[in-house]
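Same chain, two partners: chain A is paired with chain B first, then with chain C.
So, the complex of A and B:
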């Protein structure tokens, strides 16, 4: 297997596909590495194999992804599916597992297009079987057409909630409630950004239509739809049986064997943090975002980041960011003159700018509500090690203000997910308990492998051995 | 600001020494450039091991092991300690002979903590070891502890004894005076003391140069790994090998902590470690050979920490021959964790001009110069 490339691109979503396509179009040697068995990332998951019916349900926003997949495939770049990257270094080395062995690739540049993930927010009962994310549900449908047959509740805040509600209503899934947790106050706060957003009237109308469509269909099907919901709880013994929540002073309760939750989308920064990309605290999104320029540059000369992994802006923006990054690297490798770069990047930048117009409005509207992390003491925060908020608060009260230290003592964040599910919540608990400004709190560190690797895969390494030190 | 003793380095050695000195009536200030437990003290593999130690360390390790049981009294925390017998496996007859000879040697010196065991006892202790194993040497009293908890407990105990621990305080200049030492910290403050102790771990080579008493301590980044939970795989027994690099520690939660001498490239100035994934592949191969059931295990995480090492792999503990009033306690070469309690005691003894519990001749700071001559 060839191991040296001009660039290694990690993640075959719209950003990775567009970036790889741009690079191969400039005659550069690219390997596009991805965990899934077909290209598309999460947003265009399984796009090349989905049935016509699934395309119809998911709509044109999904089917449009075929363009960028085709562009990459016809460009002839190396595509490595089912390949799980578990470590990368600024030297250009990328370590992976595939088909039962582990190995290393080397690129003069590495481009991390790791996409987005759902913001994990603990709540009572979130560890019960039957509780999953809206994105997870969407993936099941894209992969295998799976639709819940038993009572399902959808609860959360953000476009994904409405999108999944729209799909499940179209598929006649037995929805028992649609619960919107967006605080009313945030609608007011978002209105100051509405002017910019309205410059993309088409985009805003699409969103408004989608929500109106869900409301109409829910009314027709007598599915209760509630807004300004809080205190979500999943109740059940072996799996979720009921869902309860509060609407003002009223307690609502619904039958459910599946609860779909979503509290917004955040960049998936695990690999970025492991490789050493600098991050900055974003007080609106309440998340550490990587420091990435429009052209994908980071603090590390050889490491570029593109797509939703840099900041969640959606599929089209991800594609444009991927293209700009590809063009930038092509210039670095002297396949484009400065002038050619300027000519080719200008229209992409223009499209990206247009695409970003509604974002400040959407980001303000669906910013994580601070009360999201007002966790009860008995709520489990670390799923891998079953550590509750109360236990973590005990340590914070003793003066611990570093997740890394708390982890070393009580193991929250020490399990297989390496804190992917709990680090935001632990961070909020530290900020709450210590009174420290979030940007001054030490970030949770990530160590390789960022995902578990089997010992057998490691033992079967197809790479040379280093000298013993 | 003045104190009797200035200790640079707030890791386990610095804090252990500070506690003992404070209990003996000395005023002590500890300078820690980060926070206690940030480096090797708080991020080692947690092995509390007498098994397999260099003979020069054995008297210290055996006494120190007793002190681990007293931690609830001495530092108000059990430090997460629990017994996990440490079994060193012989993978062939030649290795078995090495183990037999070691036990004979230890017995001749009066130590009985390591015992040669036959295959039946090996299998009782560790039922899942591979068929090629022929026997072993076990220390039944060895165990594991939580390094971060231990580091924090020591720092807290020092604080309760009246030790002033200055965290995030880097010493940038040291002046030797007729009466002692003057230290300047990065924030411009000056501290004075009669006695100065170098407990700077990975930085002790560099720091000793600043003191005018250069030591051949070099930095390293010992690299550790941990698996997912493998219930019953280890049976509570930790494993080592005789002829190969590997230490497998049986954590109480069922995960396996992997150590045993793996190293990663690092930059001490930038405080950056690049974890070398080849260490994982090497360890994995040996792990599956020794415990075939581990082929279904997963590597969850690697970590590394800065440590100070010496060529002869035993520490420097003693007074400087160049600079009166200066003492070193450093260079533990990735196995100092277990020794911290006893080192605190002997350091306090030599600082106070008393006879240490055990002779420190083997750990003299100037032993390397003599070799050259």
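So, the complex of A and C:
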């Protein structure tokens, strides 16, 4: 297996595909590494194999992803599916695991297009089987066409909630309630950005139509739809059986075999943090994102970040960001003159700028609610180690204001997920308990291997060999 | 592929579609070719996939995108496989991951 490339791109979503396609189009040697078994990332998951029926339900926003997949495939870049990167270094070394074996690749540049993930928000009962994210449900449908056939509740805030509700209504899933947790007050806060957003009237109308469509269909099917919801709780013994929540002073309760939750999308920065990319705190969306330029440059010369992993801007923006990074690396490797770069990047920058117009409005409207992390003491925060908010607060009260220290003492963030599911909440608990400004609180560190690799696999690793056969 | 134990149904897989046989906890289950192990198990018997290491309570997929590690199963003797990322193949032997003492 060839191990040396001009660039290693990690993640085959729209950004990784577009970046790789741009690089191969310039004659550069690219390896696109991805965890999944087919290209597309989460947004275009399973796109090359999904049935016509799935394409119909998911609509043109999904199907148009075929274009960028085709562009990459025809470009002839090396594609390594089912390959999990467990360590990457600023030197350009990338260590991976595939089919139970580990190996290493080297790129003159590495591009991290690791995408986004659902913001993990703990609530009572969120560890019960049957509680899943809206994005997870969407992935399950894209992968396999599975649809809930028993009572399902959808609860959360953001476009994904409406999108999944739209799909499940179209599929006649037995929805028992649609619960919107967006605080009414955030509509007012978002309105100051509406001017910019309306410059993308088409985009705004699409969103408004989607929500209105869900409302109309829910009314027709007598599916209760409630707004300004808080205090979500999943109730059951071995799996979720009921869902309760509050609407003002009223308590609502619904039957549920499946509870789908979504409180927004955050950049998936695990690999970025392990490599040592610098991050910045965003006070509106309350997430850390890598400190990158428009072209995806980081504090490390050979490491670029593109796509939703740099900041959550959606699939089309991710593709444009990937292209810009590809063009930038092609210039650095002297495959494009400065003038060619300027000519080729200008239209992409223009499209990206247009795509970003509605984002300040969306980000303010669907900002995490102020009380989202006002967790009851007995709520499990660290799923892997079953550590509660109260236990974490005890340590914060003693002056531990660094997740890394808390982890060392009570293992919070030390399980298989390595803090991916708890670090957002632990961070908010530290901010709440210490009164420190969030940007001054240390981020949770990830140490390699950032994916589970057995000791035997590490011992057998084909690292450092360069077998060109 | 209809299974009473699952909360999900295969919405668009016809009888003519290709299937593979996967052994889950010693039981044969027929599932569509190309799906992930997570989808196969959720469509077959979505009871649970593993137990939490700390308290042993039942866990099942939460994120289905490779970050929560709640879908860990044993596949052909290899532990800690993320069911949401592994595609099924004929004769694959899947077991719930047990907590090690």
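Heads up, the rule we're going with is that the second predicted complex is superposed on the first by the 462 of 469 C-alpha atoms of A that agree within 3 Å, B and C clash if a C-alpha of one lies under 4 Å from a C-alpha of the other, contacts with A are read in each partner's own complex, and residues count from 1 in each chain.
Everything below uses one rule, namely that contacts are C-beta pairs under 8 Å (C-beta built on N, C-alpha and C of every residue); 3 or more make two chains touch, one makes a residue touch a chain.
In this text the structure is predicted, and so the values were computed from the model without any measurement.
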Tell me which partner A:408 touches in the superposition: chain B (first), chain C (second), both or neither. first
Have a look and say if chain B or chain C is in touch with more residues of chain A. C
Looking at the overlay, does A:87 come into contact with chain B only (first), chain C only (second), both, or neither? first
For A:448, decide between first (touching chain B), second (touching chain C), both and neither. first
Looking at the overlay, does A:458 come into contact with chain B only (first), chain C only (second), both, or neither? first
Partner chain(s) touched by A:102 [first = chain B, second = chain C, both, neither]: first
Could you tell me if A:146 is touching chain B, chain C, both of them or neither one (first, second, both, neither)? second
Pick one for A:35: touches chain B only (first), chain C only (second), both, or neither. second
Where does A:249 make contact in the superposed view: on chain B (first), on chain C (second), on both, or on neither? neither
Shared chain A surface residues [contacts with chain B and with chain C]: 385, 415-416, 452, 454
Sort out for me which residues of chain C touch chain A in the complex. 6-13, 32, 34-36, 38-40, 42-43, 46-49, 52-55, 57-70, 72, 78-80, 84-87
Mind listing the chain A positions that touch chain C in their complex? 35-37, 42, 49, 51, 53-54, 82, 84, 100, 117-118, 120, 126-127, 129-133, 135-137, 139-141, 143-150, 171, 238-239, 257-258, 268, 270, 383-387, 415-417, 420-421, 452, 454
Chain A residues touching chain B in their complex are 87, 89, 91, 95, 102, 104, 276, 385, 402, 405, 408-409, 411, 414-416, 418, 447-449, 452-456, 458-459, 461, 463, 465-466, 468-469
Inside the complex, what are the residues of chain B that reach chain A? 35, 37, 42-43, 80, 146-149, 152, 220, 227-228, 245, 253, 263, 272, 274-278, 280-285, 287-288, 294-303
